[in-house]
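Next come two complexes built around chain A: one with chain B, the other with chain C.
== the complex of A and B ==
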């Protein structure tokens, strides 16, 4: 049974500007390879940040969970500050085929509001969260402003798009290269 | 490779207080003693049997505390005619289904629960019937919910109740009240709409489905049959964990049973049943797969302990799955094996495999079972364990076989940490080297056993008056040798975990038993390795019997709690 009709239906419901604070769009028309984004909730250190998520839909979907990873660097106990790997039960053994990409993204947004430091993905962040909450809040906000602030980085994105790359690819390349424009262009050109 | 003239003298070892010594000098008298021993065992059995039978006859009788013997707390397994209830049984995997069914029937009858829920209930209690029963009588609601069968049980009860003339037991509580706790996390099932209205499947997102195209478990979460098939076959293809699959609805804790598989994926039913049986053996602490390569036999016990020798040639401990390791307990064995693995990288380990000839310093690798070494270079005879001249081990020096005793370093008053660590390492190496030596010897003895049949044929051919029965002694002796090496190996693990400061004499006494067994095992090893023309049947037979006696002695000594009888 192909899951493509379901994925298309899901994408229709969680396209850009759907008002829920999360969305997912296919990269270069490939519906098994999506770019998700969640907005940081208010009254959290992530407020105002736009966090990009790499979403890969496995062939076993929806019986297997979608594979998700933060591309935008983020300072959070349940997300690796190095790789963006996420520790969230519904993306692992608690996944149910009745869940969707949108519900998974909303769960991620909720995770940003309520961290689970007892089940950490990043031990360093978790320790800071437990022992020095003020310092954690400060650093999480600093990272949000530095890495999740797309508007401030609009210039390089625009310039790369003008070279003929689509927007999600441009953002991914920039983020993976620490917003170094030259390195991002080299990566996109396969150099 | 070894041939000792001092053998005869060693035999005449005597220790005035020891019964072993008497038997050594006159092994022929053994039979009488063994007879007595057997009588004693028979009496013990006779004492135990009525009690156990009583338990069997009343499986529903409430436990009466002290009256139940510790050996038979479970009545899950075993035919009532079996006299020794503790003895593990080996069954082929083909009879597992009936073994499992027997236990399930008991629980179905006792708790009056539907058959479809019994498997999941037992799984959630790791097939521990007593725990399930205790939990069920304490809080049936919670027990059923935890196992993911609450709605299934209630649905079947409702069905039974609405049908007239059903001999079902009365319901325990209102089925409606039970959905409270789950309704928070999973959305209540949609009420089925009237015919003609289209239904929506939350998996494939098709919203033009009709009722006959839908299927649900007793929790009433509907999904289309295509998605059910996809869901179940995906779970089953993921492997053994499929037996824990829950309803596809997010947050619903109702567990999938064979019923759903049967109606949705009948082609996957055999695979599902295979995983059910596998989880039955894996979870149940009273059962264990034979660890032999490609062997599918299963050991079933009542107590979860005991040693089993499978027809495939593998012996194993039911509790931990390792090679039988008496007198060492499983916990100590696992500590020991871990320790040996951690230390095996050191140069000391390499030293344990090869040794220098104490006289000419040629590196020698031991490739046969006996500890009596003869250097091929200088013909120096020495003991592999302690590297001292072999002649020191004879009776004439009064030394016997002293190499099993670890004498702590003389300057033991040095209390610095480094000195303590060094002493501890020395102590470990002392036991490890001997453990390792016997482990190697066990391997050689096993290899020797493989070649024994050939040797038996040769021995028979070489002598016209000899029948096949007459040469059996060689096989018996070699089998005894393998067993002795295995036991000796573990006596060093056991001794390592004994209190090194023991003043009660228990350790000393244990080492004495160990020493005797070691000494005569070496003798047997030498005798059975003789070239065929020198093979002396009578001495091999006698030595086999003597050694068997020492094996029994040491095991009994440990089993009796190492009490020294005066």
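== the complex of A and C ==
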């Protein structure tokens, strides 16, 4: 039982600039391997940030949840500051086949507004969130400005695209290599 | 050619614009009268009938698509060839409707909740009998 028609339909509805603040696009035409993006909401330390999400659609979709991970580094109690792993119930046991890639991304956007420090993915961040909220806000904003600021990183993205790689692949490689251009190019070339 | 009132295609042998002089089909045509047939120049010959019908599941839900496969209820869920009886729509007691195969796959995965409202899923047979 293939879910490809459903995935294609979903992608039509959550393409770039659909006005909802989240989108998902296939990487190199592979509809099971997507790059999602959510905009940080206003009045949060993530305001102005563009957060990229790795989305893998399992063969059991939509009966199994999409696998999502932040590839943009983010300072948040429910997201690992090291791996980008996300702790969100609807991406685990509370998934329902009536949910979609778009609703899952919107839930992630909501998670950025309302952290659940009692069910943390990153204990260090959660402890800071609960014990020193001002310091947490400062650091979350610092990371947003440093890692989620795609415009400031436009130069390296453009240069890698000019080498013939597509934009989602370029951004993914740069983010996975801490915005080190040379390391990103080597990763893309499989070196 | 013009689509008639009852979904039939009509062809007629006079040269008048059918939009100005639409032939009229009545479900119970009046008995033919030789004098009135001679009085009219309009002769209608039905050469072929192309009858079209459509069907829909009688759903109380406002959605047109199954919440699981996101295909129209009248269409089929993946893996099923023909719509209708081979891909029936079933209801839960919570009034939510899905393709039988879609909700069966979900329930077969060890879940017992409605995908939409998360209430415990129980098939509602009464709705099917309506």
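Note that the second predicted complex is superposed on the first by the 191 of 191 C-alpha atoms of A that agree within 3 Å, B and C clash if a C-alpha of one lies under 4 Å from a C-alpha of the other, contacts with A are read in each partner's own complex, and residues count from 1 in each chain.
The rule is short, and it goes like this: a residue touches a chain if its C-beta (ideal position, glycine included) is under 8 Å from a C-beta of that chain, and two chains touch if they have at least 3 such contacts.
Keep in mind it's a predicted model, so treat the numbers as computed, not measured.
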* Using the overlay on chain A, decide if chain B and chain C clash or can fit next to each other. => clash
* To do: Check whether A:62 is in contact with chain B, with chain C, with both or with neither, and answer first, second, both or neither.
  => both
* First (chain B), second (chain C), both or neither: which does A:96 touch? -> both
* To do: Name the contact category of A:6: first (chain B only), second (chain C only), both, or neither.
  => both
* Thinking of the overlay built on chain A, is A:134 touched by chain B (first), by chain C (second), by both, or by neither? -> neither
* Could you look at A:114 and tell me whether it touches chain B, chain C, both or neither (first, second, both, neither)? => neither
* Between 3-11, 21-29, 39-47 or 111-119, which run of chain C pushes into chain B after the superposition? -> 111-119
* **Set intersection of chain A contacts, chain C complex versus chain B complex** => 1, 3, 5-6, 9-10, 62-63, 96-98
* Which of the residues in chain A end up touching chain B in this complex? -> 1, 3, 5-6, 9-10, 60, 62-64, 90, 96-99, 103
* State the interface residues of chain A toward chain C in the complex, per the touch definition above. => 1-6, 9-10, 62-63, 96-98, 100
* Structure fact -> Listed in rising order, chain B residues that touch chain A in their complex are 202-206, 221, 223, 226-227, 230-231, 234-235, 246, 248-252
* Please give the residue numbers of chain C that touch chain A in the complex, ascending. => 67-71, 77-79, 101-102, 105-106, 109, 113, 115-116, 118
